Each structure stands twice: as structure tokens, then as C-alpha cells.
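What follows is chain A paired twice: with chain B in the first complex and chain C in the second.
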Partner chain A sequence: MINTALEQSELPRPAAELRADYDLTREIGYYQLVWRRLLRHRLAVIAGCVILLLGLACYIGPILLPARWDEPDLYNRYVAPSLTHIMGTDDLGRDLFKRILEGGQVSLAVGVLAMLVTIVLGGLIGALAGYFGRRLDNVTMRFTDSILAIPQIFVLILIIASFGQAGHTPGVIILAIGVTSWPYTARIIRSVVLSIREKEFIEAARASGSGNLKILVRHVLPNALGPIMVAATLTIGFAIILESALSFLGYGLGPPIASWGGMLFNANAFIYNAPYAPYAALFPGLMILLAVLCVNFLGDGLRDAFDPRSFER
Partner chain B sequence: MVKAVDGIDLQLRPGGTLGLVGESGCGKSVTALSILRLLPRSGHIVGGRILFGGQDLAVAGEDEMREIRGNAISMIFQEPMTSLNPVFTVGDQVAEVIRQHLHLSERETRSRVVEMFELVGIPDPAIRVRDYPHQLSGGMRQRVMIAIALACNPRVLIADEPTTALDVTIQAQILELMRELQRRNRMAIILITHDLGVIAEMAEEVAVMYAGKLVEYGTVDQIFDTPMHPYTQGLLASIPSLVARGRPLSTITGTVPHPLNLPPGCLFAPRCPRAFERCPTAFPARMEQGDGHDVACYLYGDRAEASA
Partner chain C sequence: MTSYVVRRILQAIPLLLVISLVLFTILQLLPEKPWDLLLRNPRMTAADRARLLAYYGFNQPFFVQYITYMRNLLHFDLGFSYFSHQSTVSLIAERLPNTALLMGTSYLFTLLIAIPIGIVAAVKQYSKLDNLLTTGAFIGISLPQFWFGLMLIILLSVLPYEHFGFRIFPTDGMWDAGHEGNLAHLNLGDPLNLAWHLVLPGLVLAVQSIAQYSRFVRSSMLDVLNQDYIRTARAKGLSQVRVVVGHGFRNSLLPLITLMGLDVPQLFAGALITEQVFTWPGMGRLFWESAGKGDYQVLLGIMIILAILVVLGNLIADLAYGWADPRIQYR
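And now, the complex of A and B:
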């Protein structure tokens, strides 16, 4: 029965025109498959929804809440959580709930934008080092190693301090976090690209006449998307924490800009001391925890969803 | 420097099939990769010529090579399971090589893809083009690889152990398919394998390689009926026979020498049952034994290879 298949191929192709109707590019269901798999990851879906809600609340919420809640109200300092002020008020009598939403705008934006800087820088350096290898790999990776050997927080403070008063603006903080965080990402992406480079379909692509650029963009990158996604989500969480740490150390965004880390810093003094307002630290802390946890859960789901081997038959 | 392959003199006629046989690690694949200039970074061509229609591929530029790869000369690999990109549909991967070389419209490309699927005997081609590699069996994937290799009507197909990873029934189908397509397109095939059965079935000419050297060359009948080189004789003797029962299987003792530690003179001498004092002195030249049957062995004439 060896010849059955050949006999089929022997057939004329009467329906060749008709068959041209399918659309190869539209049929690329890869991302559709990824999406479906992601939806099956319950924790990731919940985390994604929480992040979405959090984002919406932070950007729309403050518009809906009374404007005077932003004004200092010295008669209502350190009001404990109540029905009017569900998270209480801070040292200047401002409503903490509204401030947390406003701070969220800053913290989330810093997280996402710093992630973008990190992924672009780290991804580019890591991919080139991993793909071309040899001397380029050696030079970039030893450079990366030496940056990794310096405690990041000191470099951050140094960069921000060098800008003087302008250092306490979101742009500088985002860039500073981005340019100090890329080595971690570069390391991850390099090792991923290194293993993809050795795959046989890369050799096959070369044997059919593809050049380096095409192989990188079309074969290496799509196969590295999973790890890139994980690196991206981890970096968002990491950047939010870094921004909080900077604010806590007094090198973050200056007042009156609110951020979760800055609010923690303000509340710090009154956790154990009169007038005892631990909730003023608790809520921003919880928000950081929630946001970071959710992006990490989402990253976990994305990694599984992007793994082509996990597609069921 | 290690010479993985040295002094391989081969010719391929349009429409002909050349079999390249030898043990693992004897340089078959390196020879094939050299033709397409796909050697790994650690390797390079130090001398010699690779003539293809008047063009010397050994010195061609990278752009010229990219134009040739997948177009005039294409290659099928051993591992159909990992030679396809898992994140694209198989149809898209066939389309890729067509887009690269043929510059057809998107619509023509698509119908060409379905045509190729049909040609390599994939059932329901218009549906299967949308499948991902993991949805296809090994045999089907190898058919896709063949479709990719043949999509641009190459003049030469290099098949590096195309059926090693497949089970025997699928193996027979794939070989039959290659032969059929060869007849159709007058395509030449270089078939690399250590499976002498495959060679007997497919090849017209056979080159036997040992440790990076060509030791015997002849038509398939010459090699199988009157093998001359003791290595070829050893290879043929080690095929299990259905007739001669009750005897232990003949083997060639020892292993292929490491390229860093080659014996002096004839490389096969340490394992050769018929070696004599001339053998370790210098590598024997390839000597014509009539009708294009060449052998590099002192048993058939005392001429050493011109030392490099």
C-alpha cells in the first residue's frame, strides 16, 4: 500500500483555485492558541482582571471622588478608617483612599514604562549576544556581569542624585530603573536565544536561504516570547518595588506627587509612635503586594500559554 | 586544526543519485554541509572547489549562497520532529521558502503550498496546511520537510539521513516519494546514510567514506557485487543475512579513529584484516579499477596519495 499516497499526488489539481481561498496569514492561530491557553489558567485570568480593575480604578477613580479630599485638612489628621474615609486620612488630613488611587497611577506607570525600557535594552543586548555569540557575547556578558556586581540601589541613587532637583521626576526614575535593570533581562534572553539558536529548525531555515535578520525576527523571537513575557511581568513587579524602595529612601518622586512607596515612607514614622496610624502604612503596602503578586501570576500563566510544547494535540 | 573531511572528489549528474555511506563520524554530514556552506562556526573550507553549474560554491559570497540555498540546492534533515518551527503552521513554513525565492503573489504562493502538500502525498492538503508541527506524525513532518525542500524545484537535493528517524514502512514511503519526485523534476540527489539497504534501493553511484576520506567509489552494482576496499567488504559483511543462519554477525573490530589522533598512512589500516607493511606508510591514492570503479587501497596497486 506504499503507493496510495503517491497515487493521490498523481491526481490532477482541479480545485487548485478553490484551495487558494484559505488565508495563510489569517490562519496563524498561534496567538489565538496562546490566548485560549491563557484563559484556561484560572489564577492568571483572575490576576489579569485584578490588574485591569486596579488600573481602571487608579486612572478613573480620583476623578469621581470629591476634590477637597486632596486638600490638607488639619482638623482631620490620622482619622482611622471609617465610612467617610474608608482607608482613613494621612498626616495632613488627606483621604488615603483617593491618594492610594493617585499613587497607583504613578507606581503602575513607573512599573510598566521601566519594564519597557528594560525589555528593549535587555532584549536587544541579550538576543544579539546569544545569537551571534563569540566575541560579542563575551564582551557584552562580561559588561553585564560587572554591572550585576554593583548593588543596583546605590547606582540608582547615584543616577537620581546626579540630576539634582530634576531627579525626582517620573521620567528620570523610569529611565534610571530601566538602565540599571536590563542586565537581569539580558541574561535571561541570552540563555533562551542561545538554546533556540541550536535548534534544528534554525539550521533548516538557513538551509532554505534565510539570512540572520530574518531568522532572528521570524524564528528566534517568536520562540522566545514566553520567557520574554515572564521577564517583562517580573520586571514590572520589580520596578514597582524599586520605585517604592527609592521613595522610602527619599530618592523617589518628590511631594506633592503621590506614589505607594512615598506613602509608605510618610506613614513609617507613625506605625509604632503616637498618633499610631499603622493603616496609613498598611494600605499602600497591601497595594504594592497586590499589584506585584498579580503581575507575577499573570507572567506565570503567560509562560505556560506561550510554551508551544504545552499545546494539546 | 582538524581535517574532518579531506580530498573528497565527487561528481553528480543531473537526475542522478549519489549515495554517501560510512560509519557515524566519518564526515558524511560535514561533506553535505560544506556544499551549502552551512558548516558550524568552528569549521571552514580550507581548500578545494565545489563546482555547481560553473560556479564555485567554495568561494561564493554569502548573498549568492543564500540565493542558492533552498532554491537551486536544498536539503532535508534527519530529524523531522525538530526541524520545523513549532510556532508556525506547516503551510506557512512551506510558504516561507517560496516567498524567499520565487516572488509569487500571495495567492499563487498559497496555491503552490497546497500543490506541494498534494505532491508529497499529504492527505487533505488544504486542511493540513493549517496544522502546527506538533499535530503531525513523524512521517507527515518529513513530508512537509520534503515539500519545503522541493518547493522551488531545486536541481540538487541533499538528503542527510532522511529516513533514519522514521519507522520502516514510513521509510519506504518517503524513499519512494523522493524517487518519484526525482523522476519528475530531473533532480539530482545526494543521499547520505549509513543504511546500506537504503543505498542499494536508491543510489546509482556510491561513495564509501572512512574517517573523512573517500575509500571506494563505484556504481551501486560494483559496490555491492564486487566490493574491493576491505572497509566496504566489512560493511557489507556486517549486514544481517536471512540466508546464512546460525552464524554470529560479522563486525569490523575497533572504532573510527578520532580526527585528532589519526593513524599514519591508510586510516583504516589498524582495523583492516588484510593490512600489510605498506599500509601505515602513506595514504593510498584513489586508483581506477575499470568502469569508473575507484578504490584507495594498496591491495589493488602501489600508488600513494600525493602528500599535501
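And now, the complex of A and C:
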């Protein structure tokens, strides 16, 4: 979607393994087939496991770690990574590892929720434009054209800045990211629906008296599920990066809430001058990279698994 | 060809109209109205308020405001900054060349690095090296630019300075003190000093494009390498290098022109972040500063100019494609 390069990526797959798909003795459903193909995509499986572990660590980890690590400890500011504080401490002497796990809760949640807003808006608009076509399609596509011509982060800053103090709350950030991201999704869903609309089974459904709503929900939607899921996965990564970029620019979540981007924003102040604390900038960024990388690998694996053409290779 | 150019420009006009209308509407829908800031002074009387609103035209109905704005746009008038009272156009003109230089450098880095990577990956398809480069491209795409910038600053500037007392690359601004120039006045200052300051921001801005372009070059190179004329070249007994460089190279690079055109909005967005990391006095930083102050005339002006540049970029890319690929006929 956003990344043209990802759409083209193809990882090598030995031909012998493909035979598992043609198991003629037993009939398996489409989603079971997709699941099998996904499991064969080694990187995607690893990435999926890492995401699960990361999510678990972020939501359960802070409960298990000592509560006093959250308290400011001014005798232990800027402590370098050691056995007691494996990622060191920040400017108030708080343990960075625990803060990173807590920040992960926010960053991951913002990513997923912003994705939901994006997919619902983009999916709805894209599906309607693709299905009904003609004037609706024309108007929608001109509208998305015009939105895509304005770099997204500029609009985001404008929206969040205008909310003043309220702009730094998760709700505004999530909605702002969702409201500015949907054109990308709408374009993908539209093109998918456009091709499904011309299929014979849609004609058959219409001939047997199904209304537009029923056709959309029962026939178009299930067939567009693959591209929607791929787009959704990649959108999570995109939203995580956007949120952290916004926080880094000072237009993200404010100080009481820790997010990975916000921690980088704080770290930015003490990498240039003594006491140098480069690891305070290193670790939150590494977590962003890890999370987004895994989401992208998973999205790539899903694309291959859903794409029937990867059969033939 | 001429009629095609004219038609494309005519098509761009309604698009720009829609964009400006969308931007104008967004501005009206925001919780803080563009004029709220002007009226914040508690000692202002009602008559003062009315006079101020009338001065900026904010007392007019929405469409009158929009039409006035568009008419002024045709005269290169985008209003004034509420604070410095400089005209938006002159503020942007001061900063745009700096951003353009940064983006140009980024394009240069991208092409210089991504093309060799893409070609090597295509020629050695499915090899260990190809897999490594594929993984590298994924990392490049997933890399948060500002963090990459911070890491480069720490590694190449802060740590060397802390331990050895010198910086390998400078980290802020465009020139060191005493070497200043001004791009808007075509004054390069000390060009070497400028180039030295350009390396890190240019690289940070380029990193995502490098990842994307290298994948693009790889796949289009693979397409080209399967063509009949490549087989003919091989059958004639040409060496691998001559086949790839002499016959495959040019055709596989054509799609890059389109990609470069489509990349303009992403590059502007990246420039905003990069300029922030390296305190580069470009348009993105102007936008960031104006957003902090609520200087809406400048914000709107920047976004309109960006949209025009994006549409122009696509147009130029389309025309350049036709120039580079003689198979394309414009009608």
C-alpha cells in the first residue's frame, strides 16, 4: 500500500514444498490453505511470534517488575545499562526497560486502533466507490487524489496543533491518523472490489434477486478479505511510525503518557551535552524498528499466502 | 506532444482547485479557528475585534473567503504571517531553496546507492546476497527516519567529539559560523562547508527511498533480463557485464522516473522530520514553527505550495518518461 517496494517483494520458495498444497486425498478450505501457506513463510512466522511476545511483554511485564522502578530516583539519573537496569535510567532516574515496556502498550495500542479507524473508513469508502462506480467513484477518487497530494504529516500537525492541549491525548492522535490515512486504504480496496464486481458469481447473485447490501456483505466482502487483511497489517506499522514521528516532533502524546516516540523526544535533549545518555535514544528506537519490521514481514507473508499466484511459483 | 502537455496542465487545475478547497475546509473544521489567535488579547474591544476580522476578511462567508484567497493566489499573494507580518510568499521563498537542495541531495544519494544494489540483487537472484539485500530493504522501509538521524548524530558527531574532540560530520544548520550564504539569494557561502553539512541529512532523507528504489530496480531488472533481446545479446556471446549494463540497464531504470515523481509527497514529509533533526532551515521547519504559533496563513500557504509542487512533480515525471522512452507516444 504505502510502500511500493513491499508490494513487489518476493522471497524465494523451494518448489518441493509446494506439493503440500496439492494434497488430493483430503479437501481443505480456503482459509486453511492460506494458513498453511502462511506457516510455510518462515520470516512471517518468526515475525508473528515476535509481535505476540512483544505484546505480552509490554502488557504483562510492567506488572511483574518492581513498582519503585517507576519512581523518580534522582541519585541514579542517566545510569548506563547494567545488570540492575538493563537499559539504564532516564533523566529522572526511572528504569528505562520498564518505561519502554509501558511505552509499548501505548505505541502498539495507538497503532492497532488507528489501523481500525483507517480500515473501517477506507474499506467503507473504497468498497462503495468500487462497487457503485460511476459518479460516486469519480468523486471519491478525485477526492483521494487531492488528499494524497498533500504530505500526510503536514495535515496531521495542523489538526493536532489546532486542538491545543487536548491534541496530545490518545483519542485525538488515533482519530487524526485514521482520518488522514484512509485514502491509501480506500484506493486498494476500491481496485479489489472493482475486479470482484465483474465476476460471474456476483451476476449470479444479482440474478437470484440479492440486493446491493447483501451482495456487498455476503459476496464482495469475503472475497476482498485477503487484501483488506494485508492492508490492515501494513497500516499498523505505518501508524506506529507516524505516532512516534509526531511525538518526536512534539505533536504526539504528552509527558504523563510514555510512548516510544515520546521517549525519543525526551532523549533528544540529552544526547548532545553531558551527561551523555545515547542509550536513552537507542532503545526506544530499536523497539519501534523491531515492531514495525515484524509487522511488515507479517504483512508480506500474508500477501503471499492470500495471493493465489504464489501457487504457481 | 504540445497538446498533451497543455491537456495535462489543464487537468491539473481542477485537481489543485479541489486540493485547495479541501485544505480550506479542513481549516474551517478545526477546533481552533484561524482567527482565534488574533482575538486572544483580553483588552481588545468589540470594535477592535470586528476591525481585525474585517482586515483579514474573516467576517466574510466561507465561499467569499475562498474565492478571495484563490484570486490572491493567482497574484502570488498568500497572505501575511500574523506575527512577523512578512508575506507568506517571501517566507516560503526564503526556505524553499534549502528544502529543494536537501531533496535533490536525497535523490542523488538514492539513485547512486539504490541502482547498484537493485542490479546486483537481480543478477544474483535468490542468492545469499539477494536475501541479505531484501532483508536490508525491509529494515530500511521500517526504519523511523528521525531515530536513524539521531543514531548517526551520536555515532558520527557526539561520540567522536566526546572521545577525540572533533566531529566527523556537523549536525545542525547548513553552514558553520563564518561560512554562511543564502540560497534564496543564490549565495552558496562556502560550498564545501555546505556539502559537508548536507551529508547526514541527505542520507537520512534518502534511506527509505533507497530501500524502496532498490526493490523496484531489482524487479524491473528481472523483467528486462527475461526479455528476448537479452537472450539475443547472450546468444551473440556478450559478457554478463555487457549484457546487464549495455542492454538491460537503461530499460530497467525507466520506471524509476515515475517513482521519483510519485515520491515527492513522501520526500516532503521526510524533509519535515529530517529538517527537525538536523535543524535545517527548510520549509518543513517553517511549517513546524508556524504550527507551534498557530500562524494559519503561513500553514495554509505552505500546504498549497506543496500541493502545487507535488502535482508539478507528477507532471514532469510523466513528460520525462516520454522523453526517456521513445516507445511512448503522447496523443
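As a working rule, the second predicted complex is superposed on the first by the 272 of 313 C-alpha atoms of A that agree within 3 Å, B and C clash if a C-alpha of one lies under 4 Å from a C-alpha of the other, contacts with A are read in each partner's own complex, and residues count from 1 in each chain.
Please note the rule applied: a residue touches a chain if its C-beta (ideal position, glycine included) is under 8 Å from a C-beta of that chain, and two chains touch if they have at least 3 such contacts.
Because the structure is a prediction, the values reported are computed rather than measured.
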Would you check which partner chain A:Ile159 touches, where first means chain B only, second means chain C only, and both and neither mean what they say? second
Quick check for you: in the superposed arrangement, does A:Val292 touch first (chain B), second (chain C), both or neither? second
Contacts for A:Ile241 in the overlay, against chain B (first) and chain C (second): which applies, first, second, both or neither? second
Chain B or chain C, by number of chain A residues touched: C
Applying the touch criterion given at the start, work out whether A:Phe201 contacts chain B, chain C, both or neither, answering first, second, both or neither. first
What residues on chain A does chain C touch that chain B touches too? 3, 5-6, 8-9, 11
Can you check the complex and tell me which residues of chain A touch chain B? 2-3, 5-6, 8-9, 11, 13, 15-17, 19-20, 22-25, 27-30, 33, 133-134, 199-201, 203-211, 218-219, 222-223, 308-309, 311, 313
Chain A partner, complex, touching residues on chain B are 36, 38, 41, 66-71, 74-75, 77, 79, 82-89, 91-92, 95-97, 100-101, 106-111, 113-115, 118-123, 125-126, 129-130, 132, 134-135, 145, 148-149, 169, 172-173, 176-177, 180
Under the definition above, what is the set of chain A residues touching chain C in their complex? 3-6, 8-9, 11-12, 142-143, 145-155, 157-159, 161-164, 166, 237, 241, 244-245, 248-251, 261, 264, 267-268, 271-272, 276, 278, 281-282, 284-285, 288-289, 292-293, 295-297, 300
Write out the stretch or stretches of chain C touching chain A in their complex. 14-15, 18-19, 22-23, 26-27, 30-32, 126, 131, 134, 137-139, 141-148, 150-151, 153-154, 158-159, 162, 171, 211-216, 218-219, 259, 262, 265-266, 268-269, 272-273, 276, 287-288, 291-292, 294, 299, 302-303, 306-307, 310-311
